[in-house]
């Protein structure tokens, strides 16, 4: 059975999780099948090390993603993989003091070598050196990441493909990551001035000029909110799917239902919205596959 | 792309949710492919109204499920559907006082007609009348449910198929459901004595006589714990997958990791266990599909 | 600062978690201050080993609890403590195979000695032997637990105090616990017939005869649903507070908002309801303390 | 009963939530009682509108907080309240399209008037105009927020007290908020250059110069990670408490246990760490009260 057949059966349930799963496939299929949709993807949590790197690269190659807003951690991991490093399989019950002594850092049950992070620092420095001085004096994160992408010799790197396709990747919290530490260290001895206003102008323009905007929200955090707030200038996104394990009751933006964003003018109306409670790195590949099959028909 | 191909790609991630998803497909495929595995399924939450009725019926028809332990609510819903009633699509923001006045009862975003529940009460009474008196004086829930299943004219009813296949469905909390109220009401005027010890003996025997036991835990609650505790007499289950949205930190059995059950002798060892955080009615159909494709090869 | 002063400040926030915390203190204070309220408490999760045993005993001593519905695990733990056993401090990252070899069983980060469980089995057998044969042939769980309570030499045992006060403790899933295994084992060689209908009749009568019913729902599971469904014969409870970490979106009864129960006739109206997302064994003692201070004024 | 007495009883449980609650009070009491501890607080989710504004202001007044890292939303809300606006009580089931038409924006069950947000924009513009041009050309968020604080006539404003006390508030995601939109709009017509490197240098210096660092993590998100990563230059924080409703299994930083940060060198060792699963705006005031009572002794 194909994934889109399965999705159709789930959609027929209409209620609860399966109804939402089916509707997510349907809405995403509509976004994918309509070139007038500007598809903006937000990434929070271990999206890249969790295996979506390859899914996202395929979608960017097919022009099915038009902008990405991400945490610094996902950029860091794309660069680590782009430099040839792979994560190591650990366990969520590993002893962290032992790992520290072994030079391993943990994300739930995956491990990263400290030596890889040091390699990243050296590489970042070299890449920054290659950036023209005047560029370095006033640069947005999407420009910086295009530059990094152009320097990576890995065709399956999200940064690399984004660079080639000139698809912007925004990283409003870039300083809050291992890569961010490298940027800060560099800035202590060299001119480097990252200008978040350049990013926001670019993102708002993208949103403003699009006929329709569709938000694909994987995890919560600042990336989610950033995509939505940037679209308030156009009266909100036209459609959105979000996949999250965060709860709504605490009142934080991460777990908030998409409907709430209507009251802020960040989403247009109730019709094309769906929230799926679950792990984005498990569900999104399945939903995307189903949506692609739908869009092809 | 088939679901099993997708699962293989996820399994390759090895870590986080995708790694667990891939392993769940693998473990379930091994259970399905090995006739010496006694497959015990536990059901909690709106499994039947959430669309798994049809998936479970197919698996029972193929002899891929050997015992079910469920909440009373799922039995109630199977009987409601067996009597021809379908749920109505509502919304989780519906006003419940209004619904009450309209004779509708709500489960998140699905609605059930009170008139359907009244129909169930009348039907249950008739079905109980048809049960020989001596049987009614000392009956286990699995026997009672076989009797109900034999009375339903719906080939896609789980009770009906279970009755035909003589596959036991245990309902240790049968009183705690709309069907349970009907049983209690009946018992006030007629002899009816449900004996939980008969159920437990049957379940323990099944477990004891099996070469291998595999637990498929959908949701938590008493059904989960019941399958595990019954297997403590044989030194634990040999393999298990569980899908749940419940958290471990509160210390309740619903959200507990399967590993914890090793310390109680309810699970044999760490190797063949996997917990997936998510909504069972979304994930199980996908995992089962992948496992079936695997088992066929 | 006293807890009730703090609660008043939280209540003043009116919204989000603090607003709910403040309202929970207020509603519980009204229940405690009004002798016409029949207070029914449901317990799921490690309520007794998590430290609420002493809080509950104090409330029963003060006649502030009129009925309890609980999982079998909580009864088991009350009896274990009543026999002099204390839990051992472990860790949620302990190796369960090692624990098994050491004769220790784990609940998150607390450990129970297998030898204590064996002691419980021997004691249970002796206590059952002391029960008159005709009683044993048709007994409700509340009667059985009164008997067990009368046999324990521990004044801080919930069963013991309940027995002395003739406050019923219902355990609809008693078979699904270590104590339940002991009952089943006993029944294999001796006459023992536990009749759940007797329990339900008693519970329904309590609810029916009460001027007002207030539900105090600690954790979800069958105990929560049982208290609510028993009150459907009187048109629903008049007030309720629930504290849970379970989510609503999956559609299970454990995480369902109390408002949903209005549509089933299990709760009367929206006014006196509050759901608090959190760990009941942390929050309830604080809320109860605040409510007691309020009720005294 | 005082809160610290209650906390001591909970600590005595040693395990599960109560054990963690008791330990959180103990660890926070040690931080509060030791002037060599640099206390760094991270805020994510509706901390300010959820009622902690007043608690935080009291702690800053008493020199018990030395640095704050927060989302832009909390700064926005502090300024809204500082300008005299109060939130309105709504409901999580309000219709958001209706709210939009009425000029109300929703955060779970609290409402904010759009007119208040417009007032904030005008005020922000005026405050920025008053900032010397050369300052505006290269400013960190902590300097910008001190300036805003100095302009507010509200003694219970966190920004205002922070400004008076010269306690830095860092807002690494300031652009991602209503206030951020105002800053961006202003920057389109006036020179304004916010330099995140200045913030990070200040934060790292604070951490580096402190004898001991204690992290108080309320909610997850970028603020949590930011406090921890800044402390990696000193080998990690010495003690930390975190209160969150986010789950660990997804692998995101928000829900990660503090122990994981040891493997990254962001936390020193296991001894002085505690994670409490719950709503920070409910639990922190209680824990802080208990800790203050402890520290006083």
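Labels for the chains are A, B, C and D, by order of writing; each one numbers its residues from 1.
In this section, contacts are C-beta pairs under 8 Å (C-beta built on N, C-alpha and C of every residue); 3 or more make two chains touch, one makes a residue touch a chain.
Keep in mind it's a predicted model, so treat the numbers as computed, not measured.
S.K.: Using the touch rule from the top, work out which pair, C-D or A-D, shares more C-beta pairs.
M.R.: Looking at contacts between chains, A-D has the larger number.
S.K.: Test of understanding: which option in B-C, C-D or B-D shares over half of the contact pairs of A-B, residue numbers taken as the match?
M.R.: Interface equivalent to A-B, from the options B-C, C-D or B-D: C-D.
S.K.: In whole angstrom, how far does the Cα centroid of chain A sit from the Cα centroid of chain C?
M.R.: 45
S.K.: So how far apart, in whole Å, are chain C and chain D when each is placed at the average of its C-alpha atoms?
M.R.: Comparing mean C-alpha positions, chain D is 37 Å from chain C.
S.K.: Can you compute the centre-to-centre distance for chain A and chain D, using the mean CA position of each chain? Integer Å is fine.
M.R.: 25
S.K.: Two or more other chains in contact with one residue: find those residues in chain D.
M.R.: 16-17, 46, 49-50, 108-110, 245, 247, 249-251, 277, 279, 281
S.K.: Which chain D residues qualify as touching chain C in the complex?
M.R.: 1-3, 6, 9-10, 12-21, 46, 49-51, 87, 89-90, 108-110, 245, 276-279, 281-283, 285-286, 289
S.K.: Touching chain A in the complex: which residues of chain C?
M.R.: For this pair, the touching residues of chain C are 16-17, 93, 247, 249-251, 277.
S.K.: Taking the complex as given, what residues does chain C use to touch chain B?
M.R.: The contact residues of chain C facing chain B are 44-46, 49-50, 71, 73, 92, 94, 96-97, 99-100, 104-110, 172-173, 175-177, 180-181, 184, 187-188, 192-197, 200-201, 219-222, 225-226, 229, 232, 245-256, 259-265, 269-270, 279-281.
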